[in-house]
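Questions regarding the structure given below will be posed in turn.
So that you can tell them apart, the chains are marked A, B, C, D and E in the order they are listed, and the count of residues begins at 1 in each.
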Amino acid sequence: MESVGSIIMYFIIAVAIIVFSVLTVTTRKILRSATYLLFTLFATAAVYFMMDYEFLGAVQIAVYAGGIVVLFVFSILLTSRPGDNTEKLASRRRVLGLTAAVAMLLVAGYSLVSRCSMFVSRPEMGEIDMQQVGTALMGTGYGQYLLPFEAISVLLLACIIGGIVVARKR
Amino acid sequence: MFSNVLIYFVVIPLIMLLGLALSRNMKQIRTVAVVGSSALIALSVWLLVDYLQLRAAGETAEMLYVGSWAWFKPLNINLAVGVDGISIAMLLLSSIIVFAGSFASWKIEPLPRQFFLWLILLSVGVFGFFISIDLFTMFMFYEVALIPMYLLIGVWGSGNKEYSAMKLTLMLMGGSAFLMLGIIGIYYHSAPEGGQLTMNLLEISRNASIDKGWQYFLFPMTFVGFGVLGAMFPFHTWSPDGHASAPTAVSMLHAGVLMKLGGYGCFRVAIYLMPEAANDLAWIFLILTGISVVYGAFSACVQTDLKYINAYSSVSHCGLVLFAILMLNTTAMTGAIMQMLSHGLMTALFFALIGMIYGRTHTRDIRQMGGLMKIMPFLAVCYVIAGMASLGLPGLSGFVAEMTIFVGSFQHTDMFHRVFTIVACCSIVITAVYILRVVGKLLFGPVQDEHHRTLTDATWWERLSTITLIICVAAIGCFPNFFSDLIKFTFNTSFAQLLGMN
Amino acid sequence: MEITLLYYLIPSLIMFCCGVYGFLTRKNMIAILISLELMLNAVDINFVVFNRFLFPGQMEGMFFTLFAIAIAAAETALAIAIIINVFRAVKGIDVRDLTKMKF
Amino acid sequence: MDPIIPILILAIPLCMFLVLGLFGNKMSHPIAGILGTAGMGVTMVLAYITAFTYFFSGAPQFIDGDVHLQNIVFNQDWLQFTDSLVIRLGFLLDPISALMLVVITTISFMVHLYSNGYMRDHHGVWETGFQRFYAFLSLFSFSMLGLVVATNIFQMYIFWELVGASSYLLIGFYYTKPSAVSASKKAFIVTRFADLGFLIGILILSFYTGTFNFTDLTSAPVAGMDGVYQVSGETAAGIRNIFQTSAAPIFMGGSVMTWALVLIFMGGMGKSAMLPLHIWLPDAMEGPTPVSALIHAATMVVAGVYLVARLFPLYLMEVTSLDIIVVVGALTALYAAIVACTQVDIKRVLAFSTISQIAFMMVSLGVARPEFHHGIGYMAGMFHLFTHAMFKALLFLCAGALIHAIGSNDYTDMHGLRKYMPVTHITFLIGCLAIAGIIPFAGFFSKDEILTACFGNSMVWYIWMSFVAGLTAFYMFRLYYLIFWWKEHKIHEGHHAPHDQPWTMTLPLVVLAAISCVAGFVPFGNLVTWNGHNMFDHVSFLTNLENLDWSVAVISLLVAVAAIALATVMYKKENPMPERMRRLMPNLWRWSRNRFYWDELYMFITHKIIFNLICRPIAWFDRHIIDGSMDGMAYLAQRASYAIRGLQSGNIQMYVWVYLIGALLLGAVTVICLI
Amino acid sequence: MDYSQFLAMKQEIGLLVVFLLVFLYDTFMPRRSQGGLSVFTIILFAVFTVWGFMPCMGSCADSAFAGMYVTSPVMMAIKGILNVGVLIVLIQANKWANSEIQIMRRGEFYELLLVTLFGMYLMISARHFLLFVIGLEAASLPLAAMVAFDKNHYESHEAAVKYILTAVFSSAIFMMGLSFVYGLTGSLYFSTIASVVALEETSAMLIVALAFVVAGVGFKLSLVPFHLWTADVYQGAPTSVTSYLSVISKGAAAFAFLVILTQVFGAVYSDIWEWMLYALVILTITVGNLFALRQTNMKRFLAFSSISQAGYIMLGVVACNAMGMASLMYYILVYVFSNLAAFGVIQAIENKTGKVGMADYNGLHKTNPWLSFTMMLAMFSLAGIPPFAGFFSKFFIFTGAIAQGSIAIYVLVLIALINTIVSLFYYLLVVKAMYINPEQPVVGAFRSACSERIGMWICVAGIIGLGIVSCFYDHLLELSGTFGLF
């Protein structure tokens, strides 16, 4: 049995996620869209916190909200021209989008709902301390992630090089 | 490996390819072509003689000169060779036609070197096919023989050549698609449960492990696959267009040898390996081939293009080959092989002559020509001889082959088969109609086009080419028993117990 | 009332579908990228809640999310670079203008 | 008998053919002519030796008491189909083959000789292709000789085809003439069609009996057996048994054996120009006249008769088939005789006369029964074959001489030639008398015996054939008078008066005329009978005369004389009677003149039906349906390619949509199918 | 923590060393010796490639990081095949990379290329989905940058956008699927997932997860209907990048696909994904062929051709046996040579004249006989015509598939075989353009650069030799036998 507080908290977060997600993709102004994305990301971070993954929540806020959204905002400012803000949607396109989204919802939803293990409630678990996270990140054993960590560093390096090459004027 | 004589049937053309690649002028190209093809004839004649001696000495093995060298070892795919009387006959036929074809394209233009390269590559495939007894190698050589056709027709052809070349290639490759499936299927049923799978024809037939249900599936695959090349109705339509557009030597080689690959394959793969299905399903294909015999002949009656006439006639004659093979008795099958030889030589002769005539008159429309007997008597006489061979005049090859087929087919105990034999017999009349129609319009009668009066008769290389073929046609027609015995021996050794034939 | 696993999965799924919808309907390429972020984010939530609800003894889901965030950042950066590049070339970022190559 | 002579008989003409065919155009014309003629002469001598040895040497392998035996001089395997079915090339010597050897070589030699003159124009310029002509003649002689000495039915078929081909080549000798080309084509195709029947007949026969050999099919009489049928008892029983017990003894109302025999007879009908298949023979007159004499009068066209005679014992087993032969023969005889009465082209008259006379032989064979006069019909048929060969060749050669002199085939260009060409006139008259059946010329005896045989079979056929005999006399003399009498010959300005031909041409006429005069006295009954038994105990020059059935003979003589008289009245002097006759029976005249429209009927069937309703639709079907469906597949692929190009719209959102829906469908469908 | 485990990753480490050396050379070498960069890279990579085949690499089957990373002779072989391909790409790209426009970016080109190759290595060797995803991203994100390399061409930009957006979308779908898998099994280790899947009964969630996973990897393989980006990207990207995309990237993805399906989901082969793959294979081959029929741009044409080739490659996966795997690898090997030969010619002509239309190839054999000869061999090999290697690879992949034995597989193979006819048609169109079309040649006679010729010669040697010389396939088959997947 959950505490009432956490239930209320959940609903707030859930509603925030849903509403801001919808707004993100429906709002006409691109800058608003980025803002709603930011809210969604915050809501997501809140979920992480609720799940007791504080570290993850922090990363979410730092990287996503702090990094990516800023990137978006800059690029929007860089690329937007007066009059660009409003876009009208052709109804055909909207229908296509809706069918795809609804189909996705139905299929994935059905597959989730059809499984009974989806209805378990949250088991008790203590907080994960940073020590554990650090060990897992730097370890080579089962359930430890040194190799992906190293690999992603190469990936990031490549993306940096790629980004530079692409962005370079000539 | 090189101690086996059969390998040289592939090696010689390969050396020729090398020689052609190195040759610089027309003279060298011709030298290579002539020397190489003469070597091939010599080799096949030597093989024939040696084979007969071995047989006379009491060799009773199904295949002689058998050799097998591992290729893709884990799959047990080998480069396996071996010949019996039938393959030797086919090798002989091929080498003769390659020889005649080289002379027929003495003055080919443009790009003579490339032309000969492709032509010889084609013959690599042909020879390889006939010496192989491994399904994989056989199939590989089969396709090697098909693809040069595209360029040979496309580059050196005439008329609507692009379309024809494409159609021919695609249809034949379509056939080989079925074939490939059939071969792979056979491979997986080539040995009893747990045995070593094999592609070797002899071993597969010895194992006899393809159960009936699978035979029903695989037999049509392989038969249709080869049947397309054998111009079986309704998969024959590549033949008229393809032949019409092809240059002379290519028509010769294609109708003369390549179409035989179809018949040979039908018998060596489809029937030899799956006799039960052949026996049970023969009626379906008998109907189809019976149709192609009569249908091809009727179609030929109204064509106006010389090559079309001959192509439809090939449909009819090759239909007879498949028809006879399906009769599943020694005589009819012997007849089928003889018909292959006969048709190969005679149709090559036809195409050679048509090519020569076309080279002079620049038309193949029989309505625009006439009285050529007066203008180019040598070619005209040869044409008449070819025509006579085609309509089955005794003393030429067509007669003996057709009669063996008819007599053999009529020995079948089933009424259905005999009735169909009679239907097939009708083709001899229709053949006479269209052959004489052409001869009458083309060679006899008054000269139609005054410009033709200035044309010259055959040159020496053309004469050589045609005379070679005529001699062979007459040789088969006059001494059929020699060939018949050569062929029949195979059926008596390898097929008799298989089919429970007399 | 019990807040079960599904209660978290449904919003995340809706978020994902919103992302799909946005990708399919928006004209602005940056808006499309934003939609993509929604989708990736939804996936992250999934991993986390699965981990938390079903397999609390380990941290695979969490770490996956961690790395996924990094990857998302990288691809967003690269994508924005490319989009800006396009903007330089065609002076516009309407995705519907990018149909020169077709059929 | 030493096989060297028989081999030479076949080999010399073949060699001549090869030599003349391959090297002919390197030779001068006279050498080619002399070579050919000499070759044929040698062959003739050898054939005479052979025949003489056979009939009169008394060697035990040829004759056993008073029975002529069948002797296989040599027999070489040529093509082995199965263990029992083997084509052999051999030399069968028996009465009919010996007879044919003589006939063929004689006529052939005469024709060779004659052609030396005929194939030159008045100024002595040789025809183009003179050497080729001789080569073909040799080829024909070879084939025909091979045909008659065949030891098995397939050898016969082989040479049957070869004679057809040589006939084709010779008819089309003047290949620049379209009519000659089409005539040769027609001849070949019609006979080919008949040969199809022959072939099928052979197939059926060999399927049931398991043999091709004549000696097995119609084995020689066993010594001491007074068999009704020439087939030995065992064989006969065996063959019947085979046919009766085999799977399908009855097929469409006839026994299988009847069918086989009728089909074989169909081959004979084609070669011998019996009724529905006769149309090629009149056209075949487009060939040079010596060819007509050799092939289309004396030898090849009687091959059908020979075939029936050869298999006669088999036919006797199925009397139905003999009845069919009689009906066909009788109808043909009458038809041809009627047509011959109205033709203008003299060669055509002779051609129809040939058809009619061959039909006589056929009828004769058909009515022959062992019960009646030891099967006199068989003997009569062969006898008539022999005599007819002589006088018909004579007539044709005369016609050739006339044509050579006049330069036209029509009697309207001739008339009153008796003064200009006396030798031709006399020999032609002899020929006419012979064919009309006037005693003592050859035709009288043979025809009389045929009528006797008919009489023995049925009254209807007797009357019918007598009537035809009368018609024969009438149209021959009509022709004779129209050529040599009727009115004075008109010589065109600048033309020489017609005159007799050089000796090379007249000599054969004289020789043949002489033979026609005396051939009737040959005691055929002791040479050629259906079972080899001699018919007469002792033989003299007058045997035939002594053994005549006078009641029949007198009647036939009367009919013939009456017909000649009628012809004399009508055609000796120019008068309007023929015109009046024509008005009297306009329809009959028109139909007869147009040969009862058989050609038109065939034209209709071949062109309108076979060509336009079968060949063209099939060709169309092939191009548009079969080929079209192949092209259609390519077209469909192309269309499909265009139809789905919208998928690749260039719009990335579309791409993603397809991607997503694809993935979802993949999942959803699998879920639906599996759960 | 045992860092010596990194030593198990010999090839990855080696590749990173190459990458670093190139990076350092590019960054720190003085400007005047920059000219040697290309040669340096090529030689370095050649050494690395040869080293990969050295016997000292051993036939070690090793796993590290608690099973997160696995290497075995088969994987070494497939990596070796990729190396060869990359080497050829590098050689062929030399001219383009040193062209005036690209010269200042060529260092980055090499670096990015090596990183993507590293990503592919990870895809192949990963036995953990996180590592796999990182490999996948490393193999696709830098490629987007490479696609955008041709700054002067608008198409290049368009292609890059299309590529990166769909790639990210696809990886989102893929990760969604992964999250489902994780939810089902509680692990991302292949071995653990496999054991749980084998125990569980089939559920809708597993199927949907599998569908998403298939879609995600199918995107890289450009299976229909996940293929739509392919043509545009291939057409727009610089030709060197296109050739890289079409062979190397596809080959790695195909192998990874095989590994995932058999190692992770092997237990539900006949239940679920056999049928999914049937549908995908038929669609891929057919649609790819149909689109290819009417292409006029050579690069776009080869894009569709490569789509249908991917369908054939998938037959090796459908087979789900050792022979299928060997055939798949062999197919990739042959495909590398055949396709790169074609791209080599296209590149040579494009570098010289800038023309890539099929009509520009009309009458090519008159002016450039060797180029057209190479092109023809490539086309024949792609179409599967003996005695060229393509024939053998097709034959073996069909044989491998049919080894599975059901009637359905016969039908599938028959459909594939019938499609080969369609493919033959369009391959012959190219041959026709070069040899048969009567028009005057568009492209004048020229001598292609030395590096291009070397590249083409290698390809031609491969096309001719790979099939006839049987040891390649035999070796692969032997290796697959030791893989122990099935």
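The definition used in the following text is that contacts are C-beta pairs under 8 Å (C-beta built on N, C-alpha and C of every residue); 3 or more make two chains touch, one makes a residue touch a chain.
Computed from a prediction, not measured in an experiment: that's the story for all the values here.
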Looking at the contacts, which chains touch chain A and chain C alike?
D, E
Chain hops separating chain E from chain C, counting only touching neighbours:
1
Could you name the chain whose CA centroid falls nearest to the centroid of all protein CA atoms?
B
Using mean CA coordinates as chain centres, what's the gap between chain D and chain E in Å?
78
How many Å are there between the centre of chain B and the centre of chain E, using C-alpha atoms for each centre?
42
Determine the centre-to-centre distance between chain B and chain C, using the mean Cα coordinates as centres, and give it in whole Å.
65
Measuring from the mean C-alpha position of chain A to the mean C-alpha position of chain D, what distance in angstrom results?
102
Multi-chain contact sites of chain B, meaning residues that touch two or more partners:
170
Chain A residues counted as touching two or more neighbouring chains
93, 96-97, 100, 104, 107-108, 110-112, 117, 143, 145, 148, 152, 155, 159, 162-163, 166
Note the residues in chain D that touch 2 or more other chains, in rising order.
634, 645, 648, 650, 652-653, 656-657, 660-661, 664, 667, 671
Taking chains as nodes and touches as edges, what kind of graph is this: line, ring, star, complete or other?
other
Touching pairs here come out as A-C, A-D, A-E, B-D, B-E, C-D, C-E, D-E
Please name which positions on chain E make contact with chain D in the complex.
161-162, 165-166, 169-170, 173, 202-204, 207-208, 210-212, 214-215, 219, 224-226, 228-229, 231-232, 271-272, 275-276, 279-280, 287, 290-291, 293-294, 422, 425
Give every residue of chain E touching chain C within the complex, in rising order.
129-130, 133-134, 137, 141, 144-145, 148, 151, 154-155, 157-162, 164-165, 167-169, 171-172, 175-176, 178-180, 182-183, 186-188, 231-232, 235-236, 300
Chain E to chain B touching residues, read off their complex
380, 385-387, 391, 395-396, 398-399, 402-403, 405, 410, 413-414, 417-418, 420-421, 424-425, 428, 431-432, 435-437, 470, 473-474, 477-478
So, in the complex, the side of chain C touching chain E is made of residues 16, 19, 23, 29, 32-33, 36, 39-40, 42-43, 46-47, 50-51, 54-55, 58, 60-61, 63-64, 67-68, 71, 74-75, 78-79, 81-83, 85-86, 89-90, 95, 98, 100-102
Contacting residues of chain B [partner chain D, same complex]
167, 170-171, 233-234, 236-238, 241, 295, 298-299, 301-303, 330-331, 371, 373-374, 388, 391-395, 399-400, 403-404, 406-408, 410-411, 415, 418, 421-422, 425-426, 428-429, 432-433, 436-437, 440, 443-446, 480-481, 484-485, 488, 502
